[in-house]
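Following are the structures in question.
The two complexes that follow have chain A in common; it is paired with chain B in the first and with chain C in the second.
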Partner chain A sequence: MVEIFGIPSYALFGQLLIGLINGSFYALLSLGLAVIFGMLNIINFTHGAQYMMGAFAAYLMLEYLGLDYWVALVIVPFLIAATGIVIERLFLQHIRKLDHLYGLILTFGLALIIEGLFRNAYGSSGKPYQVPELLQGGRNLGFMFLPNYRAWVIAFSLVVCFATWFAIERTRLGSYLRAATENPTLVRAFGINVPRMVTLTYGFGVGLAALAGVMAAPIYNVSPQMGSDLIIVVFAVVVIGGMGSILGAIITGFALGVIEGLTKVFFPEASSTVIFVIMAIVLLIRPAGLFGRTV
Partner chain B sequence: MPDTSALLTVADLQAWYGESHILHGATFEVRAGEVVTLLGRNGVGKTTTLKSIMGMVEQRSGSVRFDGRELIGLSSDVIARAGIAICPEERGIFASLDVRENLLLPPQLLPGGLDLDHIFELFPNLRERLTSQGAKLSGGEQQMLAIARILRTGARLLLLDEPTEGLAPVVIQQIGRTIGALKAQGFTILLVEQNFNFAATIADRYYVMEHGRIVDHFPTAALTANMGKLHEYLGV
Partner chain C sequence: MAALADPPIVETRRDGERSLAVAFALMVALLVAAPFVVYPVFLMQALCFALFACAFNLLIGYVGLLSFGHALFFGWASYLSAHAAKIWGFPPEAAVLIGTTSGAVLGIIAGSIAIRRQGIYFAMITLALAQMMYFVALRAPFTGGEDGIQDVPRGRLFGVFDLSHEMTMYVFILVMVLAGFVFIYRIINSPFGEVLKAIRENEPRAVSLGYKTDRYKLCAFVLSATLAGLAGALKALVFQLASLTDVYWTMSGEVVLMTLVGGLGTVFGPVVGAFLIVAMENYLAQFGQWVLVIQGVIFVACVLVFRRGIVGELAHALGVKL
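Entry: the complex of A and B
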């Protein structure tokens, strides 16, 4: 038996893997929140519900239409993004210029409504969702057992995070986004349809949440409250990373997942609170977050 | 008497910021190829006039006709596509974008914009600063960049809001030469200036604003004759 710091390696790496898995979801969700906040100035409390809708959409498509995981992975983000676009057009566009609190309360209320509707329709017990056939099983790496599906989740979320970062920081479209975050009035006066860009940005952030939901379906139970369980931690991640920072959201998401996992090995009593302890410390030392810009 | 050669005709332009009524019926025109300067003290509505033409002030009424088309009810992105571009007083350089991104940000909307080589001929300093962050430029470089980036778009009318504000004399001279070069290339320019010594070197005509209205106008040839009045208007 291999031991590291007196801890058996399978336990250490096992928790590290769980940490990376959780970190993948933290990163995907806080990335969406950061993108939305940067452009819309809205703290999207509906994010957890939209993640849950993604998971449910995958479940329902399999159950009623026989469409498998891979189809869901492609279609569901667009489907849920479309519902996000409706929300933006109906509600959010009218309150963007008001204090953050309005957006927060509105999106929080929407989250409660959506969650309630799903609980009403499907009950609060979780629905099982099978790991896709292609990714069943796993491999023994010697020091630990790595399930294929979990390896896929980590790799794919890294790819999605990097692609999002690249699109925002390195492309022409991304420069429109960054500029509109700073000065939307002037960007619009340059002939760019900023309101449409805002709507699509919200749709994109929501689509990311839904994508995370589809990826989560085979790992966690598909249940109406799966989003609200996760979103509290994700908001702590966003506070630590700094609102509005793309790279900050990604790095902090993965890092905190790993820290949480390691805490489970070395000091299990603190594993559910460690992120909030870190949040408190960061708020004291750097109120704008580790990667946040102080404006 | 409507002048058929006017590119921009502003009539009874009114504008509000919330409760405050800033423009009280400004009326003036700019002909194709002219450099026209709006003079006036701080707070008389010069900047608001430019922003209202550009559609950046939400509450506005009256008439802004450009190239025969009424723009008053249109949003600023649509107005931009009609062929007007603005260089705002605060310059509006995006701090999170580098110089190249700032320069390439305004999309080409109409044919006839300057290409990059041409722009670097006018602003040689920018070529060396392409990878600098927008926030790291000097005031003069920021002003050059703010003008340079709207030349690519194909806009025919440029609205320049106090391009010399806070700049060193040598930079002001360079900006003066640039505006002259732009005029020679057929751009029409509506300029807001406090510094009429600068304006005198480049403008064809002047309008004087007071309390949100145009109160006087004269061509450059009549500048000396009107100096006394002008000192009174500007309070200098």
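Entry: the complex of A and C
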């Protein structure tokens, strides 16, 4: 048995792996929050509920329609993004000119409604979701056991994160988006339909959350409250990273997941609070966040 | 023109003070009469939440800071005063004092971290800090985990008044809450309060006028946390219980809801909002999870069509200050 710092390597790398998994969800969710905040100036409190909806949609599709994980992975993000677009058209577009705080309160209310409806329909207990057949089992790497599904989640979320980064920082559409974030009026004057872009941006951010939800379904149990506790941690991640940079959000997400995992090995009592403690320290040393511009 | 414009402003100000005095007298009269008609425990619960909401409103309404973590002060004060009364055997006045002080101390710590960022970040930071302390409460041995601290003795106030008697307890709670209410009114109408409003309206300008806005904001935050702590301590004595519900984020959300429904930045709004929401929750308790949905709907409706809140709309319709 290999030992590192007196800890068996299986335990250490096992927690590191869980940390990377959590980190990939933090990264996907904070990425979505950052993109939405950039365009809409709203902190989307509904994000956690939309992540939960993604997981539930995958569960329901398997249960009632017999559609497997892979179909869900493709369809669900678009489905939940569509509900997001409806929310943007119905509610969010009306409060764009108000103080930011109203956006937070409104999306908080929407999150309560969604969570409440799901709790009424499906109760509070978690529902198991099978790991897809193709990714069952795992391999022994000598120093740790690596379940295939977990490796897939990490790899795939890295791909999605960098695709998002590429789309925003390196494509023409992304340049419109960045320009509209800086100065929407001017971009409109160039004949670009900014309101539609805002709507689609919200849909995109929500889709990312739903994608994270589908990926999370086989790892955690699918339950109505799975999003609400997670979103608060993601808020802390966003505060630590600052919302100015896409790459910053991705790196911060993964890094904090890993730190949280390692804390579980060395100091388990603090594992649920470590991210908040880091947030407090970062705020004391560098109030704008690690990658943030001063506000 | 300036000379013509001046008198009406003075006039509305005097009218405003008169309307506030009338409303205050009405509120006190209702609260004195209420326990003969309504179940006193419900009233005491609503009063504690009214004080909690007023404390929260001091921040959002007069400094423009949305704290999404006020359950931190409310819940922890409730735990500490329950612990003091039950385990240490402190008399109620000492237990309440301990709870209130813990609110102040936590307010200084959380406040000095949170005021480093503005606006939306402030809300997220307070929420995150409160969640952190929720996890601490979940793990800490003295809080009793899921069970909370039960059967907290109410004791004898100053060794004289037996608080296990429902009406004595009601009078004690009423006096404390009204004192808190008047204290907040004093704060917002003091020179200090005027500076707070200036910060709310335009912080950079307040800075350029030479005000150390961070200190003012921290001070307001600590005052708000202290009063939230007082509310939590009283609540622990009323229900003889301190539990995880009081430190969870849903509690922070509820106080936002109460203040929003009553009217942000109005003097009486939080009280009205607290009574309404507490009544609604008691009435709807039988419907279980629907409470969450209904709360959500109220949030959405308030933001979209009803931003002034009940008291705000009333004041607007009557053209007075409430």
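Everything below uses one rule, namely that the second predicted complex is superposed on the first by the 293 of 295 C-alpha atoms of A that agree within 3 Å, B and C clash if a C-alpha of one lies under 4 Å from a C-alpha of the other, contacts with A are read in each partner's own complex, and residues count from 1 in each chain.
Everything below uses one rule, namely that a contact is a pair of C-beta atoms (placed from the backbone, for glycine too) under 8 Å apart; a residue touches a chain by one contact, two chains touch by 3 or more.
Just so we're clear, the structure is a prediction, and the values are computed from it rather than from any experiment.
Set against each other, chain B and chain C touch different numbers of residues in chain A, with C touching more. Judged by the touch definition given at the top, the superposed model places A:113 against chain C, while chain B stays out of reach. After overlaying the two complexes on the shared chain, residue contacts for A:182 are found with chain B alone; chain C is out of touch. When both complexes are overlaid on chain A, the residue A:193 reaches chain B alone and has no touch with chain C.
Touch criterion not met for A:268: it reaches neither chain B nor chain C.
When the two complexes are overlaid on their common chain A, residue A:137 makes contact with neither chain B nor chain C. Overlap of the chain B and chain C contact sets on chain A: empty, with no shared residue. The part of chain B that touches chain A in the complex is made up of residues 54-56, 75-77, 79-81, 85-86, 88, 92, 94-97, 101, 104-107, 109, 150, 153.
Across the complex, chain A meets chain B through its residues 172, 175-176, 178-179, 181-183, 185-194. Within the complex formed with chain C, the chain A residues making contact are 37, 43, 91, 94-95, 98, 100-106, 108-117, 119-120, 228-229, 232-233, 235-236, 238-239, 269, 272-273, 276-277, 279-280, 283-284, 287, 295.
Against chain A, the residues of chain C that register as touching in their complex are 60, 66, 68, 113-114, 116-121, 123-125, 127-129, 131-132, 135-136, 138-139, 249, 253, 256, 260, 288-300, 302-304, 307.
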